[in-house]
Structures are given as structure tokens and as C-alpha cells.
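Before we start, here is the structure in question, set down as C-alpha cells.
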């Protein structure tokens, strides 16, 4: 129960926090088509977050609903990977983050759709369709920017360098994930690395870009997002996201 | 009592919110000397805010302390002018806002130091010394940037254009101010305009800059900062400022 | 074929189509004035959808429930979609989207003035759905019968989505007014701020609206401003009562004789100020649109360069 | 005068001054190695003050009481002041502040690794005051007797302010541990994260610190790393007990025989990673410093241009 709940929060928080960063792009994108597409991706992830948080609140017996979990947890209770919380940069950074995030998430959800937990499996199966589109969208833009102008190529390469230090964390297994993997409920994150590397290699090759050399961002005392240890960006994100809900703790909306 | 309290909140909120915007500059300034100076101005204004909010909480008999007022009021209860809440731009915008804000505030505090209210008068007298320095600092930078390079001159002129629409609001008298003015407690804001215009004219002339032609930002249905009607920037500012205090409403610090 | 007909016959055909309430289509001949009027109308509508995203997008990241966040995000996305759709309709008239965007950014074309007011609380999201979308629907439902085919068809789809948004807004307000005192105060406060600007959405009074006659003759406008405004007030006043909020107009009351609600005088001086660029958010809205457009220039250039290299065929195919 | 003395005599004079615990002053002759070592030491210290502003400045705008906000803002301001003061001291050795800033930004000079950890809660502000300033004081108090005059005098002032900061940090923690459960948890959590990095502030163990001997001979360092580390642990362990927090080291205990606290093994691999640029915030801290410096370039140029025009005399005088 507790492991399953913790796992639902991990994947749910990834989606919720990443969705927040995409929401912040709203009205700032380079074309209206991108406004529609990025809002759509943000909506898909928000939908995934809602299902996963709801499942998490049921699984741990706490009876906390999606809103209780989204708006009344403290930073250290959030389980998302730090890639999701990274402060927004330019459009190239958005594309870079999205291609990394959705390639990883698609690999994860594909395997999770075979989970022994029927709810997780159903949520994942639905997510696979969505994230397949996200990955394609991000990959197409990676190629357009990488193989566009000299200027865009430089910016796309720089965008990749910004997000790359957050990559290893995606594949580092938390003990909860290891136990659920042993139980056939969730994949071992480290098993997703090959698929990720292969897809990224294809995309980068089509984009005439090279894989960044950046070192990896360590945790604090070995603890990172999955343990509730985040970056300094996270507190500001939650302050914004939770401000109205917390100003009216007794309200229903 | 209520008018006096409202007035203390007006001047206190001006200082608190402006101080917040200066605090956000911390570690981003062009020189270490500017780090020291801007932090110093932010500290002075924070000190003024604390005295004024405390006085406000006493005057209205509510017994609310400075922290209750700073961290647990809603946006519409904040009485600051909208100039104070404007989102930070570049260093030229900072200088432009500071030269406008402190020229106005110095004119105000000078007269307020002769208030019939002994507390207000003492707070103002202390503030006059501080804000005299703020104004000099901002005026010196206005001149340096205006009469520096062609590039800096253009940016300084642009910075002035950004803040100028917020100027008229500084001199628009709220009914509370009019009643307190009649009672000899506070100056009528409109009476400060000449001094402001004169000082700004001198600074701009020394800086070889021209007075912006920008139109003035109206309120909403005639209501603006002094009535608790702010800009869209204000909600984000308060979400950040109040986040920790509101997450721990029972705590003492 | 039509190209060989003399201008007089073309004009007679055009008028005949209009008279019989049929549709003018992109390749049909149309008078220059008709084309210009429509381009302006459709472009302004498109601009309004795009600028109109901003006041609502302002609350997406702070929406206090995930369900409301999803609803709001979907709504703002719909507005982007409407904008795209409408720019396409304008392109069928020979306009160019890039050119229209430039005109918006340089203040040479307008958008609905309602979006020059700030959204100050989450209740504003509900009130915009209720009043602003409500007024937009009153304005737009008749345009589903616009004489210009692509616009009329676009409006059918857009109106359907707008009335969905309107119901969602009203439902949010219902939930809030049944909630805490603070929530009820927020709703009242937002209603106070948005009511009069909503009435201004129908444009100047008929006696100060010189283009109305021609537009109505061309059937690109089907009712006068004052007719639509009255319809909106008649529809909205009972909704306000059902919500338990007070519309900020002491003169608002049912007139049994007229069979309509009477209402107070609109502050037309404020209307003119805001239309002419001096509302609380005009500069902010345009600056945001300009920033997005300028910051995106390198991206659009890259996409164009890539398309030119690869004959508009993407180089990357998803591994399956 | 001194310029005419043979090098040997100069060196003898220098060593004599050092031996007698007198001060070397900027215009005195000094060996190249001494000068270089000192420039590096003082510059690293200056850089540490400047980079050290960031983790604390992170909480200024969110400080949960106005009193704590003022204390924190004043502290961060003090750090900027220390930085200025120390860069000046480095300049007395012939270094150039602009050049030192470039070296920092390009990672050619280091700063204290402790600032490469994130501040995750407001309790971190208190713990930094208590542990990080506490460790800094242990390091720096002996430097008030540095053989180099300007640095020694700077350290007197800086240490005075640092111990003020340290008391304020401890006092914040006292208040928090007497507060709510959530506050106590925050303090414990912050202590858990900062304890080991604080111990690393004293540098590698003596047997891996090859420069210590020369620095001690020159009296620019007065105690070994391990001596200072022990002193810090001995000072801090009882403070932790008074606060009611647990230091995250199961091996920490009083050793009556030694008259010191024993403590566990430091993770020197982590130390090396962070020192060599791979801590949780190295990139972020340098990027922020670089951004401020680059964004400010046009301002510094303008100031220089203005000064050149007006012979460094400001053109504007305050009307009085």
C-alpha cells in the first residue's frame, strides 16, 4: 500500500510539476500552433497527475484527494524528479526538456502498462498514447532547431546542455521502485536507459546535434527528487501553485 | 483611528512592497557597491514598513502586529501604489523606479515630519534622512546612465518610459488622505507634485534625458492601489512573500 | 468563368446572394468594401481570442483545484485554437497572418477592449466565463449567419465552445457562492469590476455607430449594438439573482411595459479611453504579445530554414 | 630605500618580521610564493563571501517575519561588504578586482564549497548561521593574526560581524525548536543536510594537505585543518544538544581521555566531487554570478564613460 502510494506520487508529481512549467509558457510561445500543442501536452500531463495522485491517496489509506495532495503537501513531500522543476529558459530549453522527459516517460509508461496493478496499468496505457505524441512533437522540434539555422542549432545544443545534468536521476532506482519492480508492479528505472539512449541518439543524429558532455547533478547527501530533496527552484514553484488554495483552506472550488 | 490606520498601511505597504522588489535584485546587481547600496535601501524601507504597519495595527484597535499585517492580508487589503509592485526589469528600470519613488517619498516624508501625530512625525523624520540618500543614489545613477554611453542613455530613457505611467497615481488623493490632510495629520498628495516635478526636471536635465511622454495607467473603475486594486503582478509577489508564513500559521519565528 | 463577367453583373450576383441569405465563398467576387470590412472584423476577432488568452492564463498556475486548472487550461487552449481558425478565415479573404500579427503588435488593428482589464482573483475566471463569454455569445451567435461562408461556419464551432465555457464559468461561480464568505466576497468584487466593461463589449450606442448600417446591409452584422446589449442584460440579470450577486447598477430593474430590463448609463468616456489604448492593461497585453512574437522570431526562422532544406518533410520518424 | 637592498637582505628582513609575529604591509618586500599564496587565499575568501550571498538571499523575499527578513537582508548585505573589503585587500597585493572576478566566473579560482549546497527551507538560514558561520569563525579567528597586515585587520572586522551572524542563526534555531513540530522537523532536516558539508569546510585531512606546512611557516595559516575541525566539533556538539537536534553522526561522542569529541569518517569522495565542480549547486551559483556580471557590463561601461566625461565628479547635486 505505502510503496504503491509513494510510487503514484512520484509519477504523479513528475506530471504535475512538468505540467506547471508548461503552463507557465502559455501566451509566450513562438507560434499559435505551439500554444495549442504545449497547452495540450500540459493538459495531458495534468490529467495523468490527477489519476495518479488520486490513486496514491487511495492506496495509502489516507483518503487524501488529488487537491489535498497537490496543494497541501510541503516541498519535501513532493517526489518528482528535479528535471520537472527546472526553471523555464528559452524555447530550445523547453524542447530539450520535453524531448528528454517524454522519451523517458514513454519508456516508463510502456512498461508500466503491463503492471500487475490494474489501475496503474490502465493509467499507463492511456498515458502511452499521449506521451507518444509529446515525444514526437519534441523530437520534431529538436530536429527543426538542430537542423535549422546556425543560430537555432547553437541554441538547441545549449538547451540540451542545460537539461542534461538532470538525466541520470531519471534512471536512478529508489528503493520503493526496486521493491515494486520485484513485485511486478513497476519497472526498474535503470532498465529504461537503453531505450532512452537509443531514441535520443536517433533524434540527435537527425538533428545534427551531439550528445552533451555535461556532468550530472548530484543529490544532497545522495538524496534527490524521489526522496523529496529538490532544487532551490521548487519552493517558488509551489508557492505560486499553492497560493490560492492555501489562502482559502476551507473553500471548495 | 481608522483613517490613521489606513494611512499607515498605505505608506507602510509602499515601503514593504518596494523593498520586496529591491530584495529580488539581491545577487543580480552590476557591481558589489550596488549590492551594498540596494540592500541598504531595501533595509531602510523595510524598517519604515515595520514601524508604519505596527502603528497601523495599533491605531485601528485590531491589535494586529506587523507580521499579521504583512503576511495574512489579502491582495485587496494592500494599499500600496502600483509603482511599488511593478515587476523588475533591467538596471535602468530599477534606477528609474527608484528615482521616481524616492523623490516622491522624500517630498511626502518631509511634510509628514510635521504631522500632528507624534508617531507619524517621528517615523517620517527618521525616514527623511534615509530617503534623502536613496534619492541621491538613484539620481546619481540616472545621470551616469543618461550621460554615459549612447547605449546606456537609450536604456535609461526606456526605463523611465516603463515607470512613467505609474506617476500620476502617486499624487492622486484618496479620501483618507484628504481627511487626514484637513486634520493636519498628513499632507495632501497633490501638494507634492511641484517638488517632484522640479527635482525630476533637474535630474533629467543633468542626465541629458527628456521627460517621458507616456500616458498614465488608469485604475479599474477609477480605483487603484490605494483602494486595494492592484496590477496582475501583485498576486505573484504576495504568493512568494507570504508562502512560508502561511504554510506555518501557528509558528513563531 | 466569373472573371469574364462585367463588374456590374458581378455586383448584382453578390447582392442577390446576400438578399437570399446565401453565403459568399472565398473565390466569389465581392466588393472591396465588403472584403475590407470582413478582414477587419475577422482579424479583430482573431486578435481578441489571442489577447484574450492572457487575462485567463494569468490564473492557470494558481488555480486552486486540479479540476479547475484543467478546465481553465483547456479553455485557454481553445482560445488559441479559435485564433488559428479565425486567422485562417481571414486568409481566405486574402489577408496574411504574419501581416495581421504585425498590425496587432503595432496597434494598427484592435482587439476587444474587455481584455484590457486585469484579472485580480480566481473569481475573475468565473466572471469572465459568465459575463465576458456570455456577451461574446450574444455578439457571435448571429454571426453564425454571417454572409461570409468561412466566417459563418467558424462561428458555429466557436459559439458551441464558448457556450461550454460560459456554463463552466457560471458553474464555478455557483460553487464559489455556495462556499465561504471570502469566496462570496471575491465573486461580488469580480462582478463589480467586470459588469460595466462587459456592457461595453457591444460597442458604442447605435446613434454613435456609423458603420452599422452598411455592415447590416451586407449581413456581416445582424443586429445593432444596443439590441444585443439589451439581450445580454435581459439574459444576465436573472442569472445574477440566481447566483446571489448584485450587479453594480442601481438603475437596473425589470420594465414590464418594455418587456426588458432597464439599466443605467454606461461611462462612454471610459470606453473611449480604453479603446484608444489607455485602459489598465493595454500596454501590458500588447507588450506580452510583442515579446512572445519577437522572442519566437529565431524559432520561426529555424522552422522555415529546416522546411526549405527538407521540402517541408520532417526528417525524423518516431521509432515504433 | 628597500629597493636598493640585495634580495638576500630583503628575504632576511621578511623572515624576521614573520618570526617576531609582526605584520607584512603592502609596500614591504615579500617572496613571490608568499604573495601568490596570499592572493589566492584572500581572493578565495572574497569569492566565498560573494557566492555565499546566494544561498541565503534565496530566502529573503520569503522570510516568514519582518524581523527575520531584516536580519537576513542585513546579513547578506554584510557579506557583500566583506567581499568588497577582501577584494581591496587582494588589490594591496597587486591583484585586480576585475581580473579576480573573471577568474571566479571562469572557474579558475575557487570559493568555499559549502555554498554549492541548496537552501531548501527557512531553517537552512538558521543552520547556515549556526554551522557554516560557526565553522567560518573557527577558520577565521586565527587569521586575525595573519602575517599580512591588511588581511589580518580585515579579518578582525569580519570575524566580529560573523560571530554576530552566528548568534542570530542560533537564536533563530532556538526559536524554531521551541515552536511547532513542523518547525522542529525543519531544523533537524536542515541540520542533517548541513552537518557534514560544514565539517568539510576545514579542507582535506592534514595528511592530504600539502600546502599547510609552508602556509603555517609564513603565518598565513595558523592551525592545521584537523585542529580547526576538532575545535569546531567540540564547540558545536554541546550547542546541538542545547537545541535538541541530533547531529547525523552515530560515531559522535565525548572522549574523556582525549578531552575532545570523537566523530565519524568524512565522505572525502563527496568533498572532492564538490570541490571539483560537481556539487548540487556549483553550476547554478556560477551561472548566477556570471549572469549578474554580464548583465551589468553595460552599466559599468556607462559609469566609466560618465566618469571620463566628468573627471569622476558627479554632475548632479541634491537640491537642499
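For the reader, a short list of remarks on this structure follows.
Each chain carries a letter (A, B, C and D) given by its place in the written order, and its residues are counted from 1.
The working rule: a residue touches a chain if its C-beta (ideal position, glycine included) is under 8 Å from a C-beta of that chain, and two chains touch if they have at least 3 such contacts.
All of these numbers come straight from a predicted model, not from anything done at the bench.
Most remote chain with respect to subunit A, judged by CA-atom centres, is B.
Measuring from the averaged C-alpha position of subunit A to that of subunit C gives a distance of 35 Å. With centres set at the average Cα position, the gap from subunit C to subunit D is 59 Å.
For subunit A, the set of residues that touch two or more other chains comprises 74, 235, 239-240, 243. Residues of subunit D in contact with two or more other chains: 62, 182.
In terms of inter-chain touching, the protein chains here follow a pattern that is not a line, ring, star or complete graph. Remark: the chains found to touch one another pair up as A-B, A-C, A-D, B-C, B-D.
Within the complex, the subunit D residues that touch subunit A are 55, 58, 62, 117-121, 182, 189, 192-193, 196, 273, 277-281, 283-284.
Across the complex, subunit A meets subunit D through its residues 74-76, 165, 215-221, 229-232, 235, 239. Interface residues of subunit B facing subunit D in the complex, by the touch rule stated above, are 16, 20, 23-24, 26-36, 39-40, 42-43, 46-47, 49-50, 53, 66-67, 70-71, 90-91, 132, 135-136, 139-140, 142-145, 147-149, 151-152, 155, 198-199, 202-203, 206-207, 240-241, 243-245, 248, 250-253. By the touch rule above, subunit C contacts subunit A in their complex via residues 50, 53-54, 57, 60-70, 73-74, 76-77, 80-81, 83-84, 87, 122, 172, 175-176, 179-180, 182-183, 288-289, 291-293, 295-303, 305-307, 309-310, 314-316, 318-319. Every residue of subunit A that touches subunit B in the complex is listed here, in rising order: 74, 235-236, 238-240, 242-243, 246-247.
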